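What follows is a group of structures, each given as structure tokens.
Okay, so chain A shows up in both of these, paired with chain B first and chain C after.
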Partner chain A sequence: MTALPRTVLRGVALAGAATLALTACGGGSADDGGTAGEPVDTGSVLEDGGELLVWAWEPTLEQVVEDFEAEYPNVDVELANVGTGNDAYTALQNAIAAGSGVPDVAQVEYYALPQFAIAESLADLGGLGASELDGTFTPGPWASVQQGDGIYGLPMDSGPMALFYNEEVFTQHGVAVPTTWDEYVEAGRALHAADPEVYITSDSGDAGFTTSMIWQAGGKPYTVDGTDVTIDFTDEGSARFAEMWQQMVDEELVSPVAGWSDEWYQGLGNGTIASLIIGAWMPANLESGVEAAAGKWRVAPMPQWEAGGSDTAENGGSALSVTAASEQQELAYAFIEYANAGDGVQTRIDGGAFPATVAELESEEFLGKEFPYFGGQKVNEVLAQSAQGVVEGWQYLPFQVYANSIFNDTVGQAYVSDITLAEGLADWQEASVAYGNEQGFTVSD
Partner chain B sequence: MAQAVVVAVPPTSGSGRTRRRSWTGWGFVGPFMAVFGLVFLAPIAYSLYLSLFRQQLVGGNAFVGLENFQRALGDPNLWEGFFRVALFLAVQVPIMLGIALLVALALDGGRLYGTAFFRISIFLPYAVPAVVATLMWGFMYGTRFGLVGNINDAFGIAMPDPLSSELVLASIGNIVTWEFVGYNMLIFYSALRVIPASLYEAAEIDGAGQWRVITAIKLPAIRGALVIATIFSIIGSFQLFSEPVILQQLAPNAISTDYTPNLYAYSLSFSGQQYNYSATVAIIMGLLTMLVAYLVQLRGMRKEA
Partner chain C sequence: MTASTAPTGVPADAAPVAARPGRPHRATPVRRAARGSSRPRRSVLLTLTTGIVLVYSLVPLAWLLINATKTQSSLFGSFGLWFSGDFALFSNLAQTLTYDDGIFVRWLGNTLLYVVAGAGGATALAVIGGYGLAKFSFPGKRGVFAVVIGAVAVPGTALAVPTFLMFSRMGLTNTPWSVIIPSLISPFGLYLMWTFAAEAIPTELLEAARMDGASEWRTFFRISLPLLAPGIVTVLLFTMVATWNNYFLPLIMLRDPDWYPLTLGLNAWNAQATTAGGEAIFNLVITGALLTILPLIAAFLLLQRYWQSGLAAGSVKE
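And then the complex of A and B:
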């Protein structure tokens, strides 16, 4: 997930590199030419078998791989965790640059996917059968894996946003759960006035949160057409978000605790951070990281810009992609289809993942599941509803990984100095434009 | 070792023996040269090679000559970081070495009870890895649940946030001082221990007081150690990396991705895939560090003469 702490796990990367040697001799049985345009005959490819190297950090995949190997004994899948998020991309980028040891399948977050698609590091799965999966996945994630005419991955999980809140704190101070952003600002004021220790949420500048909020507000700051890129943070949606959030920052209604830090977890546990606007993958994190508040948290739909609306955005989530360098793209595709659109989906839901497939999101069993941590609330009903409302047309930069890394150098300054969020966004835009042009894109404001 | 080999073989007139002698020498230094070349020279050569190219996400790899160096010399991000570590060097290193010297003199003075205990406890922080030390201090710096927060609560005061933009450099200085006072103290202390006792006896006969002994005997005698410790500290300051990179997670807005030159090189390479420019930054910083360390050494030597 985007939001996991970016600890430098170079040891993990090294361990990953060591596993490369093992797979270098993996024999390929599928021919990679001449089949483009024909869907994979999954059965025969799986029958012939072979060896696959998968780089992913998503924990529920372990069980999927075990089941897959049991069902197709001729296929040998090696699952390697080469790091989370940025560390994994660094390892992948290095392997691709070196031209050896590239995995057949890699986990790539939606925001990072364009970067690899543009560089032609990922295989277009359209011809392998992915084009027939239209309608299988929810619109947000499905749009996220498409670049131009190509499909560069199958959505694995998704993060439609919702308002996670500590009901006890809201009730105690007599504050209603906000349904619009105006109400949200008011609720922030009311909570902080009732108890100066309590903040409605925490934010010290998070690129993933900010872009998702702009996404929900209808902003489209990034327009990407091949290598022609436009970055414009002065559009209506971006301005709307910046103006609203500026009030929160100016009036010190958001706790300045950095996300995923020790203080953050403590704040979520003791009620001083009363709510989070975050992706649907959060329940598992709350259950494991904030045991102190078990039974107190609830989930509500994301606050709206217009009363009665149902607009949401994606926050985090990732896909499994087949690499362009893989010599067994058909077999690799057969695996990711199993994991993300086949039997693997239920396995992963049982492990706590939030799926991106329509069928599972609509199933009674999934929707009806009661979460003891959330006081027995049927959390998935709210989250699945959110998945339906994701605003269409959002694009990430083909160099979003880098852009996000300099977010705190620019927009982050609005949280600690006199500059406003709008000015910070302008600085971010400027730095991103400069980097994009340096990297050979044609970037304009 | 190489010297010993040459001495061991007496010079003779036979040409065959000369050849064998030279091979013997290479046999001894060979393993060293191989490792030295592989892990020391090769990376430097590769960095130099990298710094002459530019790889783009779109457009591939191209030879650009010295363009990267030209860009680096005019890159405000790099120089801002450079002056930040220079300021750090100018303030933190004298404080750290001053404390280390005081402690070493106190331990050497022989009037302290439990010398061994103090010596080991002051040295102990050096045994804690920098990453762990920074994590530990990071918790203590917390104004909500950390030590700073506890002190604020206990005394009803509001200390400034050690991780704010204004104070974070000083907070890093505090961590580094805590880590390295013991190490420098040990260098000074061991230099003090080898001063011959006869000098002290002579000073006593001449009626010199403790202060006079320190200024006239001890300090001149350990000048070499002072110069060495200073050079190590200069190198350490210019390479400042672990402490800011760990604290960055707690204070992402106070510590930018180009906070120190090393952090900048790291970000360029690992987030920005600008390996070539990153290599250039690293080379420039290496040269600058060598230059400053060399100047300090020259000055130290001249005094000694």
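And then the complex of A and C:
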């Protein structure tokens, strides 16, 4: 029952994606998907009101919608959770391909945004007022929502990476919290040697993690210029990451438990997974999902390649975008501006989200907040610091959703068979290049 | 079920007489089987195999029951097949029913709607169609037979995607109709009713009714329907289980969580744990799953004797 439907469903989604990508390329650069009108006079649009359909899985949006409707009673926002990540993109692609039931606003992760933007499924918000928001958001997320000259979404949250660790486990085994990747590998060995049940982290092959790690290491495997794409996993940054992580995999220092599974939550709770290198949105997940370890976790800056450095990368995070098919783009824009750059931001921070807006990231209240779960640590100080250090110039593929879906068939094999990560990355590159060319992109490696 | 399908004003002379000729046909195989088991031949191997199968099918249920009594944190911190920590069943139940403004109750209502409209409708169509095919001759009957047999062989899953594309063109996706309409068709139910009606209703009885001047509808409702009751319950159970557990069809048809059936809703809850910022609610997923299977268990226990006699229908030629 489970295997077949997924495959069929993916088939539908891919067929949809294929059509979209092809039409996109056929159309050339005649015009961008959205309206190129005047900046929205949000006041009057909100006054006139209307109905909006929003597809998002971010839990803090519920409160935002409630507040928004209270403030603008003429607007009726229907918030639907149609699935998380990939499920949501499949749904969105199906709706767009079917031409009916397309939401006005959709939550799209940064890595998936180029795919929808280049297929002209999303509206260019530049003309609606987004171009005036330059400087409102931190550079990483702000760059992520731009594609060519267009702005295809407003950043909702961000995931500058940090080292989340279980202090009790580190102290118990007398292992210092690593600040560089060399120390990290050493710490991994020490922890696992002290207690064979304990692993410094878990990784069974995760595309988001791998690309973010390469990003921090200074790798730029993807270069995208319109429909000209280059994929190259042999650059220095990618190699640096692959070499270091290969040791972790070879010496079995990473737990083979898959991220977000119930074993993973269990491991985070009982100390057998001692740390995570993950995005700044993690505190809320720990608080709700890993109650058992309350008070034991702490946050430290991401380990560095050069001692004393401060390079980081983004991991996850998503934007709210207005669809090209929406008939109420102005109203939809007014809503996402409220949610992501207006009053909604504070509401979402109160709900546990990590913002992408500069003002909030710099506010005393935000930085000074003490987290009981983290033993009273002012976690946001570390995380906001990380947001400053995000390495510039990273790009995702315009077909990253597909590429990530084949990650486990290629790089993932390095975790279960005797091929190396570098070989796996080469396979991934090859498969991605082939797919991109099939889709009508000009891809070289 | 029998009570609701049997007509209330059955003429005292018609129904009992009508029922009698049919009964022995169906009762015989059951009685024969019963006689066989009164002289049991013990087989260690058979007992052992049955025992293993029994344990195999009951362990997941026991696991579900035990773990529905645990809190989120004791779920991870304790042995799976025994109780541990506070007995949290009632708070889990309360939370399940109230979480997210009681969306679980809404999903339960949706599932009931799909079962009543979909499985009920499918049964009604199968009964009418099966009766017609069994008791009337008309040109093209062989063709219909071939189509029905062919349709039994095609899994519904294979048709879900084409159905989705068709429905989306008709603007029906993301509405309850997109789940109910495909559920109305049950080729297997039709085939079962067909063979059952052919066995259970003597043609002579219908001829007698016609001679007495009863219209076809009257004959159907007053005479045939009561005779078909065991078969109807069987088909109803089949379609009910299929609709209750239906996952793939609603998965691709529905986007609005307000129209989700329980299967999709529980999956959505489970997926919350895999989201940045999502709330992990494994304890509610487990309690919800327990609540989801209870009505099915009840239906089986209450209707099991019909289920057995219905399954045997048509298996023995007399």
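We take it that the second predicted complex is superposed on the first by the 409 of 445 C-alpha atoms of A that agree within 3 Å, B and C clash if a C-alpha of one lies under 4 Å from a C-alpha of the other, contacts with A are read in each partner's own complex, and residues count from 1 in each chain.
Rule of thumb we're sticking to: a residue touches a chain if its C-beta (ideal position, glycine included) is under 8 Å from a C-beta of that chain, and two chains touch if they have at least 3 such contacts.
For clarity, every value in this text was computed on a predicted model and none was experimentally measured.
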Exercise. Would you sort A:Q266 into first (chain B), second (chain C), both or neither based on which partner it touches?
Key: both
Exercise for the section: Once the structures are superposed on A, label A:G208 by its partner contacts, choosing first (chain B), second (chain C), both or neither. Expected result: neither
Query = Counting only touches as set out at the top, which of chain B and chain C does A:W281 meet: first, second, both, neither?
reply = second
_Which partner chains sit in contact with A:Q93 here, chain B, chain C, both or neither? Use first/second/both/neither._
first
Touching partner for A:E291 - first (chain B), second (chain C), both, neither: second
Practice task
Classify the contacts of A:P303 with the two partner chains as first (chain B alone), second (chain C alone), both, or neither.
Solution key: neither
Requested in this report: Check the residue A:P355 against both partner chains and state whether it touches chain B (first), chain C (second), both, or neither.
Outcome: neither
Which partner does A:N408 contact after superposing on A: first (chain B), second (chain C), both, neither?
first
Interface residues of chain A shared by chain B and chain C, listed 5, 8, 262, 266
Within the complex, chain B is touched by chain A residues 5-8, 86, 90, 93, 115, 118-119, 204-205, 227, 257-258, 261-263, 266-267, 272, 398-399, 401-402, 405-406, 408-409, 412-413, 415-417, 435, 438-441
Counting only contacts in the complex, chain B reaches chain A at residues 56-59, 139, 142, 144-146, 164-165, 245, 249-254, 256-258, 267, 270-274
In the complex, the residues of chain A that touch chain C are 1, 4-5, 8-9, 11-12, 55, 57-60, 80-85, 87, 91, 94-95, 98-101, 157, 159, 260, 262, 265-266, 269-270, 279, 281-282, 284-285, 288-289, 291-292, 316-317, 352-353
In the complex, the residues of chain C that touch chain A are 72-73, 76-77, 157, 160-161, 164-165, 168-169, 171, 173-174, 247-248, 251-252, 255-258, 268, 271-280, 282
